[in-house]
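The same subunit A turns up in both complexes below, where it pairs with subunit B and then with subunit C.
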Partner chain A sequence: MIEQFIPAGSTYAGNIDGQIDLIFVLVGFWFILSEAIFFGLIFRFRKKQGQPAEYITGEEKSQKRWITVPHFLVLVCDVFIIWGAINVWYHVKQELPPAQETVRIIGQQWTWTFVHPGPDKQLGTADDIAKVNELHLKVDTTYHFKLEARDVVHSFSVPVFRLKQDAIPGRVITGWFEPTLTGEFDIQCAEMCGIGHGLMGAKLSVESAAEHAAWVASESPLELAAANMPQLAVEE
Partner chain B sequence: MRMTLTRTLVASITTLLVAAFALPVAAADGRGEQLFELCAQCHGSAAEGNQMTLAPAIAGLDEWYVEAQLNYFRNGARGLHPGDTGGMRMYPMSIWLSTDEDVKAVAGYVASLPRANPTPVLEGGDAAKGSAFYLVCATCHGQEGGGDPEKNSPPLRGANDWYLLSSLEKYKAKIRGGSPLNPNAVVMQGTVNILPDAQAMRDVVAHIMTLSE
Partner chain C sequence: MATAEVATHHDDLHHHDEGFVKKYLWSTDHKMICFQYMITGIAMALIGGFFAYAFRMQLAFPGMEVPLWGVVTPADYNALVTNHGTIMIFWVAMPVLIAAFGNYLIPLMIGCDDMVFPKINRLSYQIFLLSALVLLSSFFVEGGAFGGAWTAYPPLSSTAKYSLTPLGSTIWVIAVALEFIAFLLGGINFITTAMNSRAPGMKLYDVPIVVWFIVIASILFMASVGPLIAGAIMLLFDQNLGTGFFNPDKGGDPVLWQHLFWFFGHPEVYVVLLPAIGITAEIITVFARKKLFAYRTVLNTAIATGVLSFTVWAHHQFVSGIDPRMAHVFSITTLLISVPIAEMIFVYIATLYGGSITLNTPMLWALAFIGEFLIGGVTGIFLGASGADIYFHDTYFVLAHFHYTFFPIAIIATFAGITYWWPKMTGKMMNDTLGKIHFWGTIIPFNFIFIPLFVLGVAGQHRRIYNYEHFPDLAVDWMYDLRVMATVALLVMIAFQVVFFFNVFISLRNGKKAGNNPWKANTLEWVAPSPPGHGNFEELPTVYRGPYEYSHPDREEDYWPQNEPA
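And now, the complex of A and B:
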């Protein structure tokens, strides 16, 4: 349903969309049913000639059932939602499939720096390619990301991946994604980080293997030490 | 009576027309100051600079220089190197200025502010030794550090010492000045090689700060 509005561009985007769809359907069902009963009762017991209004205390069993029965049914629905949410959370945040490549992502007021592995496909080596506000990925490849923040809390948000992860100063947060769609997509900061927060966007390019190899070959590495960016020790 | 009514009508319409045309003019006049509200968040309300936000004093800089630097940021010639922390902060701010007119307006406003003479914060520089190095700088920036628009050289006098030092360090590390879109910065990247080490940079900055006095 959500992919009608924004494409699902990662292997787990469908899991997150499915969870949102489940919540939408269950909550939508109860919303429509309760509103229908509510307005039905209003209509049925509307003002009638010669019929005085009656005050109901809601203490009788037959009256309390209107609350308790839907309450327990909604709780049953909650079990499904929570079960689904735990599964999705575990898959996206707790599992870490083996990485084919790793990228380093650094948020600072108000730009993103992406350090890509160079031709040796290893991060933390001299041929790394650092780009500001440009992330280049190869489609159908499992990536680990190492997320850092230089100054304040940022949040690395890639709507097309359905990914949002806070970046905390002083910590290196590891996560993963596997792009499934080629094309250009948006990256944004999703945590208020100062006056330039609204302008802290970047471009994600997901390329075919051949296009990505051509891009890597066309870029020259930056001297990261000179750029005041200590090399990150990456455990593969 | 009829004449008085006609005169009143004509006078009222004329006043309304004058007011209607005068309003946009007044707004346009204050455009630079209005835009500067955003810049002031980091550079300070008097554009006096703030080391905490890595924003240098820009008050009273030449309009051509402010405009050129804003355009370098806007077209990515400056502020897109991963080592340029301050520049990367400035880059998104510059793209917020969506038109050339806005860039000119804010540059004009910054130029109209009285030049700040910031207090030095760096220690360990030897101004006497720095004066020897400065002879090379003076060929473009002037003996008194007043800059030279014909050589696209900004004034150094009145700048923050921490900003001058960080700029020299960035040129030296090739963090700044690598874009062919900004040939003057490319020249700076080469010229900074006359300063052999970190101490020489501090020395020449110490000398420039004597020009500010």
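And now, the complex of A and C:
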């Protein structure tokens, strides 16, 4: 259902969409059934001359089973939904597959800063590429993210990945994603974060391996110079 | 009839002696306090509705000069959505459903002359009025009204340099805290009165469902509000005294507030739902001429829902940085709550079976409550299931979902209650044709507002954004078309409210006299004169049976008032 509106761009997007579809079918069944009976009864038992209402207490077993049986069936549906929800949640939020690369994501009023690892694929080194409101990823690569907030609560939301995670000041929250679809997509801030909340969007670029390598190279034209940067900085 | 008129006449004289201030502003009469709450609540609803109009115009036509408001700046937008939410929940749903209907119905339906603590009752309204004025004053202070969402997550709400509304945020917290005090006082009264002042012969299972539900709602409110009041005080200290309860730099934790807020916030949903669904029970039984199906089951489902509602709060926080293992627990409890609520809806549907249904205005509203609330209920499952909520959290899907619960509660059930008890409150009938025009003119646009918003939410539109042009995936034509559709539907719905006020006006002026019991209903309020004078009953009633003995086979008449000896 969701894919018709927005493409699925991560390995787990399909799991979340599947969970939503399951709920849609189960809940849709109950919804249509209840509304059909509801409107059917209103129509059938509308006031007619010479036809008084029946006296039904609903306390006898034979009457009560009309609500107890559906109530157990609802419970059965709940079990299916819970089972699905736990599986999907575990996969997306609890499991942490080994990272091929790691990015650091910092939310602050009202921008996202993305620190990419650079040519050496290590974060926290001199060749890191920090970009404001631009996240560049290599397709089919498992990323860990380290999510931080500088001031207030923000929420890192990537609809194509079906991912959302609040960023909390004072914490570093780790999660993962693996993009599967190249292209440019929206990154949102999904938690009210002040006057500029409506401006706090960023661009996600998912690139093929070659494109990504070219981007990394373009951002660090002289690897050697980059390696010397800390000393330069100190001298200055 | 003659005696009733004499009694009313006598009471008019009695009231006249009290003077305007004593009668309308300083009254301890539960009915007058109902009207005070009701009128204040409706006035606040008009303000909250006006805010919705202003920000919906901005969403459909970004940057336009909105008539009566002007250009909606980002700061305006945030203040409007924040206060729309705050007002509609705390200053509309709560005062109208619990305070106004609770005040009016409890003494009349249990057959006593007033609340047990009439002066506390008066104080409750006065504090409530003060809280409303305090909240509205925040629009006129330097920096403007608070704009950090009605959930007020710190550090945004606790830190002036982040929110840029140094006074607005403090005033917001004070107003909310005052409002809670008002409802604590009201709640004490409701519970005590219902437990102690029932008419002779009225056993617990003879109490009308709406009274039961208002009492259960008051208990839920009293049991859940403590942590939030504590939270509000900590927030005030963080804002003004430099403490750091929610500030990580000083060893605090911003997520703590979210727990305190939602521990109250989720039971709060049921606090307003229960009176609404109780009103529905009264109306459906009367206009289907049916006994309520399985009275005790209805009561048990409400109690079960109330108890479970204390265990579900963190489903608002799945992605908020809580330990991910906790999500499983809250997913399970949240989905379990669907069982008693579904059962309650089944009971209402079952009550229609074998009835003789009259579709007049109050019945249309009551039935619409069930039909529309069902949409709110089923869409909640998507959000309670942790896996699906990762995507839906803070999208318009959430927004549409809770408007499909709160609109039926705060608007549909309120109109059901007003149109049903209007003859009792005023002694005059309302015009049924105008009532139906108002009904359809509200219900149809309501669905045209929020169904497009479900679709936008499914497509990934996130909340509280004043202008979607900064998000290329959301700035496409078909999404703007849906936003325009929702806004136009809102304008139509607002326009149709004029019909209601016109109906009120002509009913008060020229309405047909109602008599004591125009709907041929069983419950005790219909024994009293319309409108009941000070002291309610000419002679305090005695109760012989339950409230829903309609179409009893032993009786020729299809109703059997609770006070009529066998």
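As a convention for this text, the second predicted complex is superposed on the first by the 216 of 236 C-alpha atoms of A that agree within 3 Å, B and C clash if a C-alpha of one lies under 4 Å from a C-alpha of the other, contacts with A are read in each partner's own complex, and residues count from 1 in each chain.
We adopt the following convention: a residue touches a chain if its C-beta (ideal position, glycine included) is under 8 Å from a C-beta of that chain, and two chains touch if they have at least 3 such contacts.
Computed from a prediction, not measured in an experiment: that's the story for all the values here.
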Is subunit A touched at more residues by subunit B or by subunit C?
-> C
Once the shared chain is lined up, is A:V132 touching subunit B (first), subunit C (second), both, or neither of them?
-> first
Of the two partner chains, subunit B (first) and subunit C (second), which one does A:V88 touch, if any: first, second, both, or neither?
-> second
Who does A:S220 touch here: subunit B (first), subunit C (second), both, or neither?
-> neither
Is A:L199 in contact with subunit B, with subunit C, with both, or with neither (first, second, both, neither)?
-> both
Partner chain in contact with A:Q109 - subunit B first, subunit C second, else both or neither | both
First (subunit B), second (subunit C), both or neither: which does A:S62 touch?
-> neither
Touching both subunit C and subunit B, counted on subunit A across the two superposed complexes = 109, 195-196, 199
Footprint of subunit A on subunit B - complex, ascending = 38, 41-42, 80-83, 85, 88-89, 91-93, 95-96, 173-175
If you look only at subunit A, which of its residues touch subunit C in the complex?
-> 1-2, 5-6, 15-16, 19-20, 23-24, 27-28, 30-31, 34-35, 37-39, 41-42, 45-48, 51-59, 63-64, 66-67, 70-71, 74-75, 78, 81-82, 84-89, 92-94, 109, 151-153, 155, 157, 159, 162-171, 173, 184-186, 188-199, 201
Where on subunit A is subunit B touching in the complex?
-> 106, 108-111, 113, 115, 130-133, 150, 195-196, 199-200, 222-224, 226-229
Contact set on subunit C toward subunit A in their complex = 74-75, 77-78, 147-149, 151, 153-156, 159, 162-164, 248-249, 253-255, 288-297, 318-321, 324-325, 327-328, 331-332, 335-336, 338-339, 342-343, 345-347, 349-359, 367, 370-371, 374-375, 378-379, 381-382, 385-388, 390-395, 455, 458-460, 462-467, 470-474, 550-553, 558
